[in-house]
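One structure, pasted below without further comment.
Chain lettering (A, B, C and D) follows the sequence in which the chains are written, and residue indices restart at 1 in each chain.
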Amino acid sequence: MPQTIGVGMLGYAFMGKAHAHAYKTLFYVAWPPPLVPRLAVVAGRDEPSVRAAAERYGFDRAVTRWEDVVADPAVDLFDNCGPNHLHAEPTIAAVEAGKHVICEKPLGRDADESFGIWQAAEAAGVVHMCAFNYRFVPAIRLARELIAGGRLGKVLHVRGRYLQDWGATSEEQWRFDRSLAGSGALGDIGSHLVDLVRYLVGEITAVTASTRTFQPERSVDDAFGAVCELDQGALGTLEASRFAPGRKNGLALEVNAEDGSLAFDLERPNELLVSEGGAGFRTTLVTEPEHPFGGWWWPPGHVIGWEHTFVHELEHLLGAIAGRNEVAPHGATFEDGYRAAEVCDAILRSSVAGAREEVAYRSVTASERAAARR
Amino acid sequence: MPQTIGVGMLGYAFMGKAHAHAYKTLFYVAWPPPLVPRLAVVAGRDEPSVRAAAERYGFDRAVTRWEDVVADPAVDLFDNCGPNHLHAEPTIAAVEAGKHVICEKPLGRDADESFGIWQAAEAAGVVHMCAFNYRFVPAIRLARELIAGGRLGKVLHVRGRYLQDWGATSEEQWRFDRSLAGSGALGDIGSHLVDLVRYLVGEITAVTASTRTFQPERSVDDAFGAVCELDQGALGTLEASRFAPGRKNGLALEVNAEDGSLAFDLERPNELLVSEGGAGFRTTLVTEPEHPFGGWWWPPGHVIGWEHTFVHELEHLLGAIAGRNEVAPHGATFEDGYRAAEVCDAILRSSVAGAREEVAYRSVTASERAAARR
Amino acid sequence: MPQTIGVGMLGYAFMGKAHAHAYKTLFYVAWPPPLVPRLAVVAGRDEPSVRAAAERYGFDRAVTRWEDVVADPAVDLFDNCGPNHLHAEPTIAAVEAGKHVICEKPLGRDADESFGIWQAAEAAGVVHMCAFNYRFVPAIRLARELIAGGRLGKVLHVRGRYLQDWGATSEEQWRFDRSLAGSGALGDIGSHLVDLVRYLVGEITAVTASTRTFQPERSVDDAFGAVCELDQGALGTLEASRFAPGRKNGLALEVNAEDGSLAFDLERPNELLVSEGGAGFRTTLVTEPEHPFGGWWWPPGHVIGWEHTFVHELEHLLGAIAGRNEVAPHGATFEDGYRAAEVCDAILRSSVAGAREEVAYRSVTASERAAARR
Amino acid sequence: MPQTIGVGMLGYAFMGKAHAHAYKTLFYVAWPPPLVPRLAVVAGRDEPSVRAAAERYGFDRAVTRWEDVVADPAVDLFDNCGPNHLHAEPTIAAVEAGKHVICEKPLGRDADESFGIWQAAEAAGVVHMCAFNYRFVPAIRLARELIAGGRLGKVLHVRGRYLQDWGATSEEQWRFDRSLAGSGALGDIGSHLVDLVRYLVGEITAVTASTRTFQPERSVDDAFGAVCELDQGALGTLEASRFAPGRKNGLALEVNAEDGSLAFDLERPNELLVSEGGAGFRTTLVTEPEHPFGGWWWPPGHVIGWEHTFVHELEHLLGAIAGRNEVAPHGATFEDGYRAAEVCDAILRSSVAGAREEVAYRSVTASERAAARR
């Protein structure tokens, strides 16, 4: 039996449930797991609710202050499932306490905050991951293999749209408040697109964009559209909205390369569409034994759910902590979280300025970092 | 916290993994669960393998004889995930030992064996379920609600096909041996179609059918086609094959009624297609809060996997054991398992005879059963 | 410029319009045409209507008695677009008058009548075609090429369903009267399935079937389901209904062979789905220059309509009359029309008898035919 | 019988064939036609080829100089199917000779040229149409009816992409030469998107865009991406490319409005997808009698081809010439052709400038036009 790792979590709602589910499931699905997660402590503001969550998900104890998670010696890994404005401070505190960390996306509310979180984690020397879980959809991993393996030739186009329909009716007020969320559809769902473009194709070097806020009392965007320049010369188009009736979780991605194309839709996450040799698209159910994560689950054709991206992701994180693999390139590090935030910031700047904006990524060498710490 | 129920399982391969996954997941997804499953004991023939499985899935102990499961006082529920020829004897022993039971489909290798299993369970007065898990696909449950609620009017047609492609290459030899499996594609996947037709539309009263065995050394069917009469006058067509390249788990079902139609495909299990008012089909992602099981999982558009049918199914079983609900009509009882077997037997008889065969269901009253026991 | 051929048509409604459209279109689409059709005369019972039709479609004259078409020396080709009960007598009269003939499907109201029409045409030595136009869908022709070329290996399964939704509301009363129509959904749309199975896979040797009449005042079937034996050992399932809400012209066909599968749906007639090499289905738009009829129309991706099957079909017929090609195998002869009728008759017999029925095709040698004529 | 109108055509290749087909077909499909087209004369540079085309399509005569078409008194309507650099001069000459005109898209090679063509036609007082034929797809007309009728509420998003795959292999060199074509994918297929956005949703007021030329020897764009501002506040995203393997004629359009969404794909042109009431998309075959152009063709479910958009379009043009209807709003006038060109020019400017560009439409009053003429 592998060693145990203590997990401390901030938040127990949508993302907390998904992460808890994954820790419990990876144990036997990815058998033997790199490390055996022990759910040590969960933090939330409302004491009865967090107690109930602890009982439900099997945490050893519940606390109402995240500081108690960070300080807990039983915690080796800090898992931040809190809202955006609770990403930076607790995560930085955790890394400074020597905890490994995973933080939900977007990493910070803007590039500056994200950069700070990344730098703190680097300085602390811990393992860090930004939870861009769609990298762990088997069809997306297969797409990466096809592109990176050169099978489709040079990429010319990538287009992504992430459409949902709940923008007019949601009651999660923090999501519409810039001081709490940073941005709206852009950071919440658009950042997934940015990360997938970076993972599958390459770095975004410039953007030109417009945003929209359909409900005037909101301080964040409800939608955006952007045209992107990529470092290898490809043209990218990205769009996200929370005001697209009929689209429930419509992350659709298409890549056109010299010798073929790929298409993916998160509403049918087990399928990858591939066009090669001048022919139309073949629908591949990514459930064969030879497919990514194929051996983990069921016989061919027995599709897995959205939630199991987290099983793959957290197993990968535990593998990194155990020294079996690196977080990059298949997992997103805090650097990836930061870089996505730079692109999102450039989209906002471009929308305001009405001009193409370069994306200037800050890079920090180890010696600079050491100097900065002094 | 609800009471605990001890589970003893026979088998730990494909179905055992799926059931174990479900017991562990229902605890927190269907919170609070009707009963808290405790994985007490698992049986398998190969000692190292069954030990490893027990460690992986969290069973308290592993045994190599199913008799030790049945005799274990820690076991309240016997879960039979064994191959078809190990359905009858262990299940009957379990009910006679007073255990509640769930048995994988097909219930027995033929109608006679299935009838015996059912009668034994009835005589013992335990809760019994035949694991026709596709009743627990949210889209199927929604289809049932639409049909049973009368929204589509009288059903005129039901057609089902279950196509897979592994028949030429499989190495699971027991599946091609009549003495072990009972039948081939018919009992393995065709029985799912029969059960869904019965669940959604009504009783099958007569069949006319042909079977095929493409590999001559096999003693079971590789495929069958059947035309069915239904008790309310609808016409049914059913077909299954393990020799359909490109179809991985292609259970497709369509119902045409006077005022509308429904269509479903297990390769896209989160979708139900509905036609009403003379218009074309609307694709509904069955992930809304108001949909069956909608509140258990994630926000709209975040699809669940094949594996989660078992979570719904086993929660339902535990609810029946806890007295919260009946197994029927949403769960399949052993009577449903028996009735599906009668239809399958009629299909085999019709294929041999070249004639339409009535399906004669045996019914047993409680007094007959009491008399039989004396 | 090629020679001219005079066309005399019976009927000017749905099928008459489709055929007239095709004669006018093939001239320049299939340039140069094998023969130049001249629309000489059209017959219909209602004089004002048939006059208007003649003006609209460009016939030289309009008559109210089909006998005047058959007797017209300007007519070289008799095109029978009349209702089923007007297939036999006018067609036989036309061939006896030495006209080439095309007759809409079903050829006759039953196998006997169809056999008589075929024999008359053979005896007369004219070119004859039964208008099973779906053989001339480019995707169907491509399917035939793939199967006949052996690319998919031996065929194991063929399944066809033809679903429409107008059965409850139609006012075309002759279609529900056995004396006028012969049969219902079976002859009208089921015969297309039978013909396509014969064209793509092979001869049907036995059937077992049930029919349904949902509206009791009707003397024909509203629907049928059938399981078929094919001469090469494949298993076929066929079904048709006029009571399938949401299905407008839903002829769906699937072939599973040892090394691959094909699927087609007439509601998306420009697409052929092909599975090979164990992978899923690739959607091919059959509009490339190298595809059947690809050079006739537009650049790739510019889809053609249902109506253009008739352009292909009638050009093929004119090619046969001009001696450029034979009607068979790509066009259906009257023998094909007769053979489809034998299968349909067997389906009706099987439904009544509740037994598998052999399909006994009558074959007639030239000497027998000569003897019969004496 | 309606009056005759003499048609003179420039060009007889792809578009010439499509227009000729439509003139011949509308006669009987749109019976009675507003005017009866007589194909008077066709012009082309190569004498043998234009003679053959005249014979094939039934023109009375063939000429090698377009000036002879314009000067021909038998010509009432000048139909310009020539390449882009032959749009302005012949069209202006035709209107100055008092001919009604239809000109293929894009109207001119840029906004200036397009404006000049428009102004000339206005000054001449003739009927003018720019052949944006996709306005005449029945599904697009139905989309317009749904949007304009207010059924979906205020439009928030419109996104269009037009993807083809022949850019790397085409031998039509004029299409890659700016002096002949004006622009590349932008004017050729992107202009269709611009026109459809204007037709369905409203005026485009500003754009921000990037273009790409993948083959460096070309002087036009191979692809572009653009984000658009619309006059009613909607956000638009447009993209076109000739380098998208597997996309043959992939014009896909989606509109999201407050109360519903629409989606369309030109590779399945008979289908409109509609989402209303918070539900998913319903696939509507736009072939019912109550649908646009529904009565012209066949019974429900019998789909029409791409080419028949031209039948609808040219019938509409003849109706305008006959005084039965106006060209606008369902047909595109030269003003629409000019306005699309202004948007395309702004896209090019934005790409170069890296800045959002306003679209400044020139409007000319009748008195200004009269003054200009003096």
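The rule is simple: a residue touches a chain if its C-beta (ideal position, glycine included) is under 8 Å from a C-beta of that chain, and two chains touch if they have at least 3 such contacts.
Predicted model, so just to flag it, every value in this text is computed and none were measured.
Undergrad: Taking contact as defined at the start, I'd like the list of chains shared as neighbours by chain A and chain B.
TA: Shared contacts of chain A and chain B: C, D.
Undergrad: So which chain is the furthest away from chain D, centre to centre on CA atoms?
TA: The chain farthest from chain D, judged by C-alpha centres, is B.
Undergrad: Counting in whole Å, what is the centre-to-centre distance of chain B and chain D, each centre being its mean C-alpha position?
TA: One centre to the other, that is 56 Å.
Undergrad: Would you mind pulling out the distance in Å between where the CA atoms of chain C average out and where those of chain D do?
TA: Whole-Å distance between the two chain centres: 37.
Undergrad: Using Cα averages as centroids, what's the distance between chain B and chain C in whole Å?
TA: 43
Undergrad: At least two other chains touched by the same residue of chain C: list those residues.
TA: Answer for chain C, listing residues that touch two or more other chains: 165, 247-248, 279-281, 285.
Undergrad: Touching residues of chain B toward chain A in the complex: what are they?
TA: 1, 14, 17-18, 20-21, 24-25, 28-29, 31-32, 55-58, 164-166, 247-250, 266-270, 285, 287, 297-308
Undergrad: For the complex, give me every residue of chain A touching chain D.
TA: Where chain A meets chain D, its residues are 156-157, 159, 161, 163, 165, 168, 208-210, 212, 214, 223-227, 229, 233, 235-237, 239, 241, 243-248, 256-261, 275-276, 278-281, 350, 354-356.
Undergrad: Residues of chain C touching chain A in their complex?
TA: Contact set of chain C toward chain A: 279-285.
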